[in-house]
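Shared between the two complexes below is chain A, which has chain B as its partner in the first and chain C in the second.
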Partner chain A sequence: MNKIIEVANLTKKYKGKTAVDALSFSVFEGEILGLLGPNGSGKSTTINCILSLLSIDEGKITIFGQEMKPSAYEIKKEIGVVFQDVAVFDELTVIDNIRYFCGLYIKDKKVREVYIEEAIQLVGLEEFKKYYPKQLSGGLLRRLNIACGISHKPKLIFFDEPTVAVDPQSRNNILDGMKTLNKNGATIIYTTHYMEEVEFLCHRVIILDKGKIIESGTIDELKSLSNIEEKISVEVNNLKKSIISDIAKWEQVESVDYENGILIVTYQKGKNNLAGLIHYFKENRIEYNKIFSERPTLNDVFLELTGKGLRD
Partner chain B sequence: MFHQFIYSLKTLCKNKMLLFWTFAFPIILGTFFSLAFSNIENSEKLDVFPIAIVNNDAFQNRKILQETFKNLGEEGNENQLFTITYVEKEEEAANLLEEGTIEGYLHLEEEAKVIVKKSGIHQTILKVATEEMLQMEMMVQVDIEKEIQENLKNGIALDVTQEYFEQIASNIGHQLQEKMGIKDISSSHLSYTMIEFYTLIAMTCLYGGILGMTSIHQNLPNKSEVGKRVSVSPISKGKLIFSSVLSSFLVQLFGLFLLFLYTIFVLKVDYGNKLFFIILLAFVGSLAGLSLGIFIATFLKANENVKTGVMIAMTMLGCFLSGMMGITMKYIVDTHLPIVNKINPASRITDGFYSLYYYDTLDRFYGNVFSLLFFALLLLLLSMYQLRRQTYDSI
Partner chain C sequence: MTVFKTFLKVLNKNKFIVILYSVILLFFGVSNMQTQEENTNFISSKPDVLLVVSDELEGITKHFVDYMEKHTNRKEIEESVRDDALFYRDVNYIIFINDHFREDFLSGEQPNIEVKSTGDYQASLAELLVNNYLKVASVYQKMGFTEEEIMQNIDKTLEKQVVMEVTSPLDTDQLEKVAFYYNFLSYSMLAGCVYIICLMLVSFQNEKIRKRTIISSMSDRKYNRILLLSNGLFALLLWLCYVVLSFILLGEGMFSRQGFLMLINSFLFTICCLTLAFLLGTLIRSKNTINGIVNVVALGSSFLCGAFVPMEWLPNFVLKIAHLLPSYWYIKTNELLKTMEIINIESLKPIFYPMGILCFFSVFFVILTNYISSKRRNIG
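Now for the complex of A and B:
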């Protein structure tokens, strides 16, 4: 696969602190790359450096085989950006906002109008073309923000946490839209701290913390790094401490937590863990409500790697 | 670039805050001036008014000053500014002032003192006229001395007759008439409230700075979200800012055009008959205002609301110092802190209109135009330098 972006040894310092620390990675044509990390991990700074919005202290950034710099207008023509905060004109209607931003890239008026219609359809704003941003809900505003960033049909799109504080309907619309854009050939870089979105969308993930890459790979590759094979949750009241310490002694058990009537048992490996736990409860005449088993999530992986959750 | 220009124009024309400060506020303030000052004007027309002079030895020895006051106080003389009562002692003059018979009096000892009881247009004229006369007297004395020296070299005696002094006094009186604004070149009744309308136009010109600030904010990634978005587009920062500033300038000029229409046709303000020069000064004044806004937006590290507040405050202060709330303030600043009004664009605009209205020659007018152009170009160059070399450490 062709490399669309190559970041080599990118370092960005700000007020004596290292925000991005010798970051190196590549983005390949046609993929959706997730940049995953907690707040302040350096995701947005990395994107802003790649886009030449920020000066860099060290390193080199290459996009479409050419060095990226503020005056690299030929590269910029092929890039679309959806920023974390909504970036539209309050004084322009939905369609005029999209027209303005699309017009910065597409000179041909006829082509532009076709592209604008397609962008409006993609984000589902057909009924709101004549609305002003202040008349839109938070979710619809985010959709407009996306339409303004992608209407010129860029080959490379950056999405910086586009679903923050968005209602479920708009979130689904945004995620579906991103999949459609990717199917149509766009390479996407997507930053978020919502791991379920990453699991749903991304082909590959880079996990950042404190400006450094702590792990990268496909979702399955990352999950395989985890010591946890299985996690079983049980709704059970008044569980004795002796039972908890008893379970914790089992050979394949990694950890046992009991909080607010929920027992969580994580297993390193092994088969028939669920059956074994049910059998143990029966033998000890422990009554429980719900019991279910799940595979480890990216959050579990992240927790293991960094010692903290993604949304901390 | 035309695309950016058109949409920039659209956003400016729909920005209610900008429209208020650029279009509505000057019109509201103009209406207020018209209502508030028309009565003052009626009660305080620039006509001949009474003063007293302490006719002591010191005054008797100042021949040029004596003749000039005589000229300005002569009934039926086209130069007449005052009706003068000559008194022997200062106490008499003070009594006349206390009674309200005179507006002020001149008392010459080692220094010339102008004593007034209140502030107003008559008092200001008396003070300014006396100061101008003293300056001219000094210049004439130097000239006479030079002439005597020259004549002595050539063996000719200068004939310093009474007629000679009267001629000098008449010349000074004529020049003073022009300086004090008594000469009416528009063939209409002289309006003291004109200075208020000049400062109003100056204020409108400087409010263009708010538009200039918006132009910068909309195009820089560290100033706004929209600025971030346009900064990743394939259009250069220079083109983006230029098209935005151009549209701001047009909106600003349109705002001024509306203000002129409103004041001329609704408020019946007479700006005289030098329309081309009026437009030229408004154009250059707007450029100065726009540049000031661009300069503040570029250099001041604060959010947009704070910057707008600074711009409005600077404009109002500038207009206040140039006489918006009373001509006396302009006089005080011109006399005691002339440098302030030299660098105050509001004062330069006001003074430009003032000179256009009161003088036959355009020297002073062009002086103001060039000062404003220099001011605008300096701020624009500094801003361009800063914007060109700017890289962002954080946004």
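Now for the complex of A and C:
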């Protein structure tokens, strides 16, 4: 596969404080790469460095085989960015906003108008073309923000947390849009701290923490890193402490958690864990509502790797 | 082109505020004109002169009379009411040319002329004309020219002088109106420029939009240049509109030299507004503050500097503070021009000073803006 981006040894400091620490990774043509990390882990900083919007302290960035610089206009033409914060003109309508950002790239008017229409369709803003940003809800505003970033059909697109604080309908629309863009040939770099989105969308994931890569790989690769093989959740009321400590002593069990009437038991390896647990409850005459077993999610992997949740 | 077109769209969305400031100017300009017309004290541009000629109307005598006729309004008044005419200012100046004027002159003697004068400004203009003529004539006579040659030389010499010294008609009433309009313009211009340019800069220099724009194939430099040019164009067009408006409203008064100089002055002021607006636009971050800034800057400085009320009415300490504001120097120039009778290099010297200060302000604002924005960029 072709390397679209190569980041080598990237370091960025804000007034001496290191935000990104000797980062090295590649992005391959046609993939959706997830940059996953908690708040302040350096995701936005990494993207801004790759785009030459921030000066870098060390390292080298290569895009499409050429070195990225503030003046590398040939490279910039092929890039689209959807920033974390909405950046549109309050005085312009939805369509005029897209027209402005598209016009910065596409000089041919006919082509431009076609592209603008396509972008509007992609994010589903057909009914809101003549609206001003102030009249749009948060979710629609985000969709406008995306349309502005991708209307010129870039080969490489950066999405910086496009779904933060967005209603479920807009979120689905945005995720579908990203999939469509990828299907149409765009390579996508996507930062988020929503695990489910990464699992749904990304081919490959890089997990950042405190400016460093702590793990990377496909989702399956990451999951196999975990010691956890199975996770069983039980809805059960008034469980005694003695029972919890009892279960924790079992050989295969990695951890036991009991909170808000839900018991979560994770197992390292082994089979028939579920049957064993049901049997134990029966023996001790414990009433439970629901019980189910699942494979660990990325969130569990992440917890194990960093010792903290992503939404802290 | 994309940036410029968007600039126009944003401008279009905000045109009403500019129109509002212009309507205020129009309204006050017109209302002022009507109040002024009630107490007109019309002073004609040329002095009214009565010539009483006892000599034959020949040679140098005829030449002198023709010369005076050309540069004054010659009046015919009966002998019995001459003194009354002077008193009521039907004439400003009476010249008696006695019966041996030509003879005396050609023989090299001081020709005998008697005058009666109202002693006012118009009379002094007439006196200036007479003295000039006689002085120049006697110089050529002493050089030994013939009468014919003397007359030709006088024509050559005085023609130039008349153009230079005897001013284009000073119509104080008209100029009063022009000055009022242009003084008031300082408010509309400052408010319009500050409002629109601040708005544009806050929109276009917004960190996020700027980021988005410079990751396209447009360079930071080009982006800044387009913004500068667009804003400059806006200020220039606004100025042109106000100038055209002044010609429509004031007509005649604008075709005087004083009017023309006020026009030049207003151009310098426009540049100053533009640079000040850039400075303010660089300082502020939010659109909500723009209205406040416009009120403080435009309204405040217009009041302090006498755009609405005459400078003479303002207390001294206010004028002292006003020295720190560009509007003061702009209005001061207009006030000086309004009463300026004679326009030549010498008489214009006092207005070069305030005009220079206006230019100095512009340069100062540009330097300050550059300094601040370069500081900003270093932080980012």
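Here, the second predicted complex is superposed on the first by the 312 of 312 C-alpha atoms of A that agree within 3 Å, B and C clash if a C-alpha of one lies under 4 Å from a C-alpha of the other, contacts with A are read in each partner's own complex, and residues count from 1 in each chain.
Operating definition for what follows: a residue touches a chain if its C-beta (ideal position, glycine included) is under 8 Å from a C-beta of that chain, and two chains touch if they have at least 3 such contacts.
Bear in mind the structure is a predicted one, so any value in this text is a computation, not a measurement.
Chemist: Put the two structures on top of each other at chain A: do chain B and chain C fit, or clash?
Modeler: They clash.
Chemist: Taking the superposition as given, does A:14 touch the first partner, chain B, the second, chain C, both, or neither?
Modeler: first
Chemist: In the overlaid three-chain picture, which partner chain does A:51 touch, first (chain B) or second (chain C), both, or neither?
Modeler: In the superposed model, A:51 contacts both chain B and chain C.
Chemist: I'd like to know which partner A:148 touches here: chain B for first, chain C for second, both or neither.
Modeler: Touch status of A:148: both partners.
Chemist: For A:87, is the partner it touches chain B (first), chain C (second), both, or none of the two (neither)?
Modeler: In the superposition, A:87 contacts both chain B and chain C.
Chemist: Touching A:79, do we find chain B (first), chain C (second), both, or neither?
Modeler: both
Chemist: Who does A:105 touch here: chain B (first), chain C (second), both, or neither?
Modeler: In the superposed model, A:105 contacts both chain B and chain C.
Chemist: Please state which segment of chain C collides with chain B in the superposed model; the candidates are 39-47, 129-137 or 363-371.
Modeler: Looking at 39-47, 129-137 or 363-371, the stretch of chain C that collides with chain B is 363-371.
Chemist: Same chain A residues contacting chain B and chain C, which ones?
Modeler: Residues common to the chain A contacts of chain C and of chain B are 51, 53-54, 70-71, 73-74, 76-77, 79, 81, 83, 85-89, 91-92, 96, 100-101, 103-105, 148-149, listed in rising order.
Chemist: Which residues of chain B touch chain A in the complex?
Modeler: Spelled out, the residues of chain B in touch with chain A are 3-4, 7, 10-15, 221, 224-226, 228-237, 391-395.
Chemist: Hey, which residues of chain C end up touching chain A in the complex?
Modeler: 1-3, 5-6, 9-10, 13-14, 203, 206, 208-209, 211-220, 287, 380
Chemist: Would you pull the chain A residues touching chain C in the complex into a rising list?
Modeler: So the residues of chain A in touch with chain C come to 51-54, 70-71, 73-74, 76-77, 79, 81, 83, 85-92, 96, 100-101, 103-105, 148-149.
Chemist: Under the definition above, what is the set of chain A residues touching chain B in their complex?
Modeler: Touch residues, chain A against chain B: 14, 48, 51, 53-55, 70-71, 73-74, 76-77, 79, 81, 83, 85-89, 91-92, 96, 99-101, 103-105, 148-149.
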